[in-house]
């Protein structure tokens, strides 16, 4: 699958399903603590990760005066994150500082960035929502990043919400949170996930119709056969 | 009161009032940290507790392969929790694992379970909401319980959100959270609570009408008499 | 500016902007951990702080019986907080106790108190919302303050959400949270904030129109001139 | 008992025993989180509490320049805490600020203060140890109080390590930590504690001699009689 | 290996080595948060786990009066934990309650229990140290278990310090903390661990003699051959 | 001052004094949460920082098999950290993973590295102590870094214990913990610190001799003159 096909496929697979696909491949530490949808009704997004990393604040390193510097990683990230990518920001999980505000969110939206994930909040949260940029973060906080964070790096391996993110790994975000998929596994996880989604759709209907959990979820041989039959009939 | 009468009465008493009734009987540690309503507009629920307990995850004990076992406490809980009861799940307060997902929630709803309380999140949260099962938990998280929790016990004393829950204790959930009522106290607490609700309704009206807090809340003798008069007149 | 003018001005300045104005004056520790808007759609509020302070609970100091005392700081606060002021309550950040409930909230609303900020929850949260009093706090919790907090002081320096609040300091609350402005700085911060709001409104429009971040935010000389021109034209 | 007799008695009663005496009187929230002995081999201390309270730091309120003020609560506490009293300091449990350093500790030791309890660390910890002042706190931290805390009050009700402390309450500190005894209960708790110590000394010897726990701890009638006999013989 | 041989072998293998042996078998979640040696100089211990479990405190379930009950799980554990076993206590990681005190520790020592592990503190810590029972726990705290914990179960699967412990699993404790070994793996882990210890002893000597890390740790073919030669010569 | 002179000077200045010198220059966030001396009696150390950074663990990125790679940042750090420098390791503050063990510590000691600072523990802690390498870290933990951390970078800006560390910044460690000095300020801070140490030595003697705190600490004009006189006499 090319990038567009991957995006299209992953948009049909929930993060809950993706964590199960990854767990089946021995990978557990992929769900981020903290980030959740900023706005109600945000659609699921998927894309490759572009990373930004802060380090802790220090009064000689961070403050309003450093905003004059043109080489700040945060400001460069806004312009350099490729369209269709998701900006993933390592804010050290700080609760009292914001990764970005409405102006930077608007710029990313204009540029076609797919969305942003941060383990710190956003500021001007109403404005960020109004920008239309899909954002997953722990909430809103007034102070700017320069109040509590210092300049770091761009597009290096980071941690975000306790999860390792290597540039180029895939990120999927929905109402259950944010999941990272190692780049090498993304195609098989996407395909396995799509199949699992279909199967669980079938099981859910059985349960709605009164089926008991044992034998249904996971299915016994009989129910597995019924699923295969249904899948063949409906075209999956 | 029989179980139906207790449910009917407790649905008219807020958890805020119940904690005060319990505090007056010397019992303070009854409100759970973490659980809150999953969906907007969930009505207050009340019922006896049916308990489920996990232990921490360990790679040889938890993983997708154990889902094939038919004796898993979690799966048995879904089928065995009696209609009208509330399933209370001890997930050790883990933030990155889900107690259940949409399929199990749907099965409980079909079976007439009154609701679920967990100190961990749910996954497929949109589907859980769609199931119609009233759920109190800290939020949504993608990973399945088998990713971070191992199989435990059914219907034993547990802790949930820092509160002891003995099977058969009563649980009441509303927008202020989840409160546990020791089984031996449930009738007197329900009755005391209903009276308190009535009295506070009267006081709130007085305050809306401009009454000062001192003498009104708690009431002095004069205001207490007015309340008794009002109560007699309106039939309480 | 007199108090009314200050209120009117600060209502036009976001807390995000205020933290930047304070940071430019070397003051960083002004945003509270925990408090957020209780109801959807609460308008920004601003006013001088009236403070209330609890100490930890102890079974001989706190309990339902102490509510009969007429000199409790909490009850006096409700009657003594001046109209137009914001009651700021130091609950030690306890997650399982409520600062107030619906009756006390209603009384404050009747009296014209501008709003309440607390680093603990409220109880009867539906009733507090219905009272119309604007409240910033971490959420809802059923237990009364007397269950976990003991009587403290009125209108003394406190900490709330990790921020020092001196009676008479100014407090501004919006969807990005709660910010404290030292009394001595409130006029210049309000004025500087209003100018910053105007400038960022201009910058946001530029970004919507496709401007790149470098040179725009912060502006280079050219863009600064454009802003001054626009400001002169529009009357700011 | 006068103050000297109380001190002498309480020095013979462990904090473990005191918490049990208080629990028997319905009082649970008396043991502080955080404080432990700073030096190895610190003897148990007991005395009335003299309290000091900080509020959170704010750059306009705290910093090296405020040390020139002669009315700082911390500095006044060092000179005003009466000999034989224990200075109890509410530092909001901050891990990165110190309540005092070696110079202030030395001054208290010279003045005959019985000891200090803080829910923040001390700095110049080697010097504080060398001063000979008995200190219970969470450990050592280099930054001065003025780096992260602002001036508060003297001898008002405080919280320390999650426990309410009213000036005049009694404080006992040993290797199990710090316990607060409400002033009104101190005599009966001291007497009950001394009796309990004696009884547990007897039980411990029984257990060393091979007695089983059931019947011994707590004792059955037979063992209770043996204890009374032993006590009468040895003079208790 | 029989139990005595396993104990003897595991006493020669560090917990650091054991975690590596388990990691090589895909098992990561085996080291407990919290427990550390109570006394200086405690030798490494090893033995099968006997488990005890508490649930949260509730004023109607926990308090001094329940100590009169002879069926309390905690009291039964002291008498029933077999000699040579290690009592592992699930105290929910509570920081302000103690699992046991000096009398119960002494009884276990008299009975030949190998040691105790708890994720809460002990009380009468000086007495517990004096008992000679090896204890791993987070420290000392004055309040009894009945102050903050309610009666639970004996010898059921538990969590302790975030690790699953099934009765019969093996526990090894040293200065690096406490590690749990699944019963099914204990023999191969013990043997693999002993070999690893020998190899690392050889590597450490090489490093002391000036060897660089690359090629030495882990060893290249040349250094591996040297090790095999040394091992053959010294008899391993 | 050259590097040797800086080291010699800073070894005479406590971290408590250094935080005050930095605070006087407006810099507050310089003391690390977590690291403390691993061994009793570790002398103060000082040196330029050489940094190592991990990212969170992920099963496809971390595990025993990656130790075969020769380009691991951790392994390279051991060989590349220059003699006289202090290795500062960003382990994300994880409590259950170790930065290094005894073999790597021994190699650093052999190579003349001045010491190590980490916000995670060490393993084989007895062996690390035996190596003689001075280590500041939160304690001991059995699991290797590869169990919970993935490979990161060498000698880039990091956070450690909540403090920003730029390669080349200076680090000073003593019994009050670890302080970072921005490279640009190190000379003036070292000189100012040495003077402050001398002055506080004089003040401490005054206090031992019975001087009151007001007028002595900070000194009034009279006491300042006495100090200058004493300093001139003793040669400072």
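Just so it is clear, A, B, C, D, E and F label the chains in written order, and each chain counts residues from 1 on its own.
One rule holds in what follows: contacts are C-beta pairs under 8 Å (C-beta built on N, C-alpha and C of every residue); 3 or more make two chains touch, one makes a residue touch a chain.
Predicted model only: the values in this text are computed from it and were never measured.
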Labels of chains that are neighbours to chain A and to chain C: B
Both-way neighbours, i.e. chains that touch chain E and touch chain C: B, D
Same-site or different-site touching of chain E by its copy chain F, using the half cut: different
Centroid-based (C-alpha) most distant chain relative to chain E: C
Between chain B and chain D, centroid-to-centroid distance (C-alpha), Å: 39
Centroid spacing, where centroids are CA-atom means, of chain B and chain C in whole angstrom: 32
Averaged-CA centre spacing for the pair chain F and chain A, given as whole angstrom: 37
Set of chain B residues in contact with two or more other chains: 26, 28, 30, 162
Interchain contacts (touch definition) - all pairs: A-B, A-C, A-F, B-C, B-E, C-D, D-E, D-F, E-F
Complex contacts: residues of chain B adjacent to chain A: 63-64, 67-68, 70, 75, 78-79, 95-96, 98, 101-104, 106-107, 110, 123-127, 139-144, 146-148
Chain F residues within the chain A interface of the complex: 26-30, 55-61, 92, 150-153, 156-159, 162-166, 180, 182, 184-185
Chain D contact footprint on chain F (complex, rising order): 14-16, 18-20, 23-24, 28, 30-31, 33, 36, 162, 175-177, 179, 200, 203-204, 207-208, 210, 212-214, 217-218
